[in-house]
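Paired with subunit B in one complex and with subunit C in the other, subunit A is shared by the two complexes that follow.
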Partner chain A sequence: MKQLDARGLSCPEPVIMIRQAMQSGDAAYEMTVDNHAAKENVTRYAEHQGYTVTVRQEGGDYTLTMQK
Partner chain B sequence: MNDKKELPVALAAGLGIGVIAAVLVLLGNPANMGFCIACFVRDIAGSVGLHRAAPVQYIRPEIIGLVLGSLMLALVRKEWSPKGGSAPMTRFVLGFFVMIGCLMFLGCPFRMILRLAGGDGNALFGLAGFVAGILCGVFFLNKGYTLRRTYRLPTAEGTVLPAIMVALLVLLALAPSFIYFSQEGPGSKHAPLLISLAAGLIVGAIAQRTRLCMVGGIRDFVLFRETRLLLAFVAIFAAALVCNAAFGNFHPGFAGQPIAHTDGLWNALGMMLAGFGCVLLGGCPLRQLVLSGEGNADSAVTVVGLLVGAAFAHNFGLASSADGPTAAGKAAVILGLVVVTVIACLNTFKKEN
Partner chain C sequence: METQVKLTKLAACAGCGAKVGAGTLAALLDGFKTRTDPRLVVGYDKSDDACVYVVNDDTALISTTDFFPPIVDDPFLYGQIAAANALSDVYAMGGEPKLALNLLCTTEAMTKEVVQEILRGGYDKAYEAGAIIAGGHTIQGAEPLYGLAVTGFVHPEKVLTNSAARPGDALILTKPLGVGVLTTAAKAGLVEDAVMARVYRQMATLNKAARDVLVDFAVHSCTDVTGFGLLGHSYEMAQGSGCTIHLRADSIPYHPESLELADMGFLPAGAYRNREYAKVRAAAGISRAMQDLCYDPQTSGGLLFALPEGQAGACLARLEGAAIVGYVTEPDDSPLILE
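This part shows the complex of A and B:
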């Protein structure tokens, strides 16, 4: 699974990062973000691309697992 | 929050904000200026003596409310997080020039929408420039523009700007003699203090909840075909338009519009600078205030950049008036477009590994 670290980045950068990563067409990605806006925006984008998103919170970080 | 819930919430937020903005004008704010982050920060700069333009000096409670409303809701939602360290001086400079662009046009992106809703056709030129500026910013975002990461900071760092807002509120309430208050002009026109403060608190909370951003609406539509923020934007326009019509405050035309000028080119270039700068900052002036309330020290530095930009704009005759733009203001906007482009290039193409 492709891992991406978007902690400390503010929107739209995490979404641009996942959009670029998804051009590889993998079935699963994992991205770590550290703010609600990024969590919501990346989730929304991934769901629009047909991925199922699960969120795991660890301290102030959120790890989003996106699978097709 | 899932998609199905998000859109109605964003639309309701936009409608609510549009109504509040129109009501503030009814209760005393300048025409088409229920909210204007640029104008209100400029008024605060004048009130604390950073510039001496007598008609635009007032500590606007809406600004205080926006920051504190965001702070309170962020605390309730456990989203308050002190952080910063992402190119603060670059953000200061961007904030400075965003203000220069806004004061060329005579309004922030929020007031641009309210001007349109009041029938001010000059704002159409502003909107065209604003979209062009956002497209410039999006170009660099797609090429990898970033101001790099923020880091978690001590709690005290995230509370500085909200504390300054509380101090401003105290100064407003006590009105000591060293604070300047306009006796005439836009600065003398304001809704009652508590109503303005409440409006700021409510809109700050709504904007924190919905992440409302005037730049984000167009930017996200261009980047991702994401319409949520854009529709909130349209809802503000629609609600303010209906209220203005109902209150007799809708006057379509170009000449003689309140606190506006008819120079289309410079209205467009001013908002182009604002749009471009705001995309590089990650949000419009309203969003910077809301993020400051959430503990973001970088956004707080941006707000200080806006404040200093406003002071320079009035100390050096860069701000437009109803008579039109000034030669110095035109030079400052061109300089701003150059500086913003250089900042975009430096943070896109020259990355350390």
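This part shows the complex of A and C:
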């Protein structure tokens, strides 16, 4: 599974990062973000692309697992 | 005009998306000692667009300020938009702006020409509004900022607050939503230049024409839709008026390109702050993207006003690009309903 770290990035940068990554067409990606807006926006993008998203929160970080 | 440094790259967040959340502001100011004056008919406690101080039987003074980081790279356009946005608070109170002061923060990366173009944009809009920029204050800092402090006048009996909507009113919105989403998606290069040109033109459009129409009708309440989004500003109006506001999702105007971009997650962080602040009861079947657009922070957005339903059609006929977006009822279990 492809791992991406978008901590420290503000919107729309995390969405731009996942959009570029998803051009490889993998079945699963994992991305860590550190703010609520990034978590919500990356979730929306992944769902728009047909992925199912699960979110794991650890402290202030959110790790999103996106699977097709 | 071409600039060596992209203005928006110098800013962390764009336009009214930079606005601090309403809840955060209230908590910051809680408990401060303030003087009271019966002539201050609209003060901070009303969460309104500007404060209003009655000078005499014929004249009330409106005072307001607004500034934000660059939302567009063209400095002239940025100046126009920031000024139109600041002047709008006077129009939202039913008044006319007369005096303005520049508020400007420049950075070392900005050339003299860029700074001058920003100011020229501000002067251009102040001139169009019939207001005089009589001074200002400029500092150097980490991020560009521009806006105006504006003084305007209104007849004391014609002050339009955001807390006086009445059951039986219709609600009219004068500019389409989606500005925050489109400026965010534009940073990712996903919006065509022609679309952004339309959006920038809208943001630079004064709310003067709308104000000049609505003063001819028995408007009860008015605000402008800016950083808190349509739902945030509607929530303030509903709470302040002690009524319930019903917004009809299928009547709300928005830039057509913005809906799918909202669904793709190109939302400014402010949209989520607004979602936390304005609790809305949304009917089943209204898409998340449509709800997101209703929370989208607008920079230099339109006026949102309440007037008797029987006058809404005639008023609408005189407004370009406006729509009847909802209605007001006696308080329900929720102050704000998206249906």
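Note that in this section the second predicted complex is superposed on the first by the 68 of 68 C-alpha atoms of A that agree within 3 Å, B and C clash if a C-alpha of one lies under 4 Å from a C-alpha of the other, contacts with A are read in each partner's own complex, and residues count from 1 in each chain.
Throughout what follows, contacts are C-beta pairs under 8 Å (C-beta built on N, C-alpha and C of every residue); 3 or more make two chains touch, one makes a residue touch a chain.
Here the structure is a predicted model, which means the values were calculated and not measured.
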item: Combined model on subunit A: subunit C and subunit B, fit or clash; value: clash
item: First, second, both or neither for A:Val42, with subunit B first and subunit C second; value: second
item: Touching partner for A:Pro12 - first (subunit B), second (subunit C), both, neither; value: both
item: First, second, both or neither for A:Gly60, with subunit B first and subunit C second; value: first
item: Contacts on subunit A seen with subunit B and repeated with subunit C across the two complexes; value: 10-12, 15-16, 19, 35-37, 40, 44-45, 48
item: Subunit A residues within the subunit C interface of the complex; value: 10-12, 15-16, 19, 35-37, 40-45, 48
item: Residue ranges of subunit B in contact with subunit A within the complex; value: 1, 3, 6, 77, 79, 81, 83, 86, 141-142, 146, 148-152, 211, 216, 219-220, 223-224, 226, 282
item: Of subunit A, residues touching subunit B in the complex; value: 7-13, 15-16, 19, 35-37, 40, 44-45, 47-48, 60
item: Subunit C residues touching subunit A - in the complex, by the definition given at the top; value: 12-13, 184-185, 187-188, 262-269, 271-272, 288
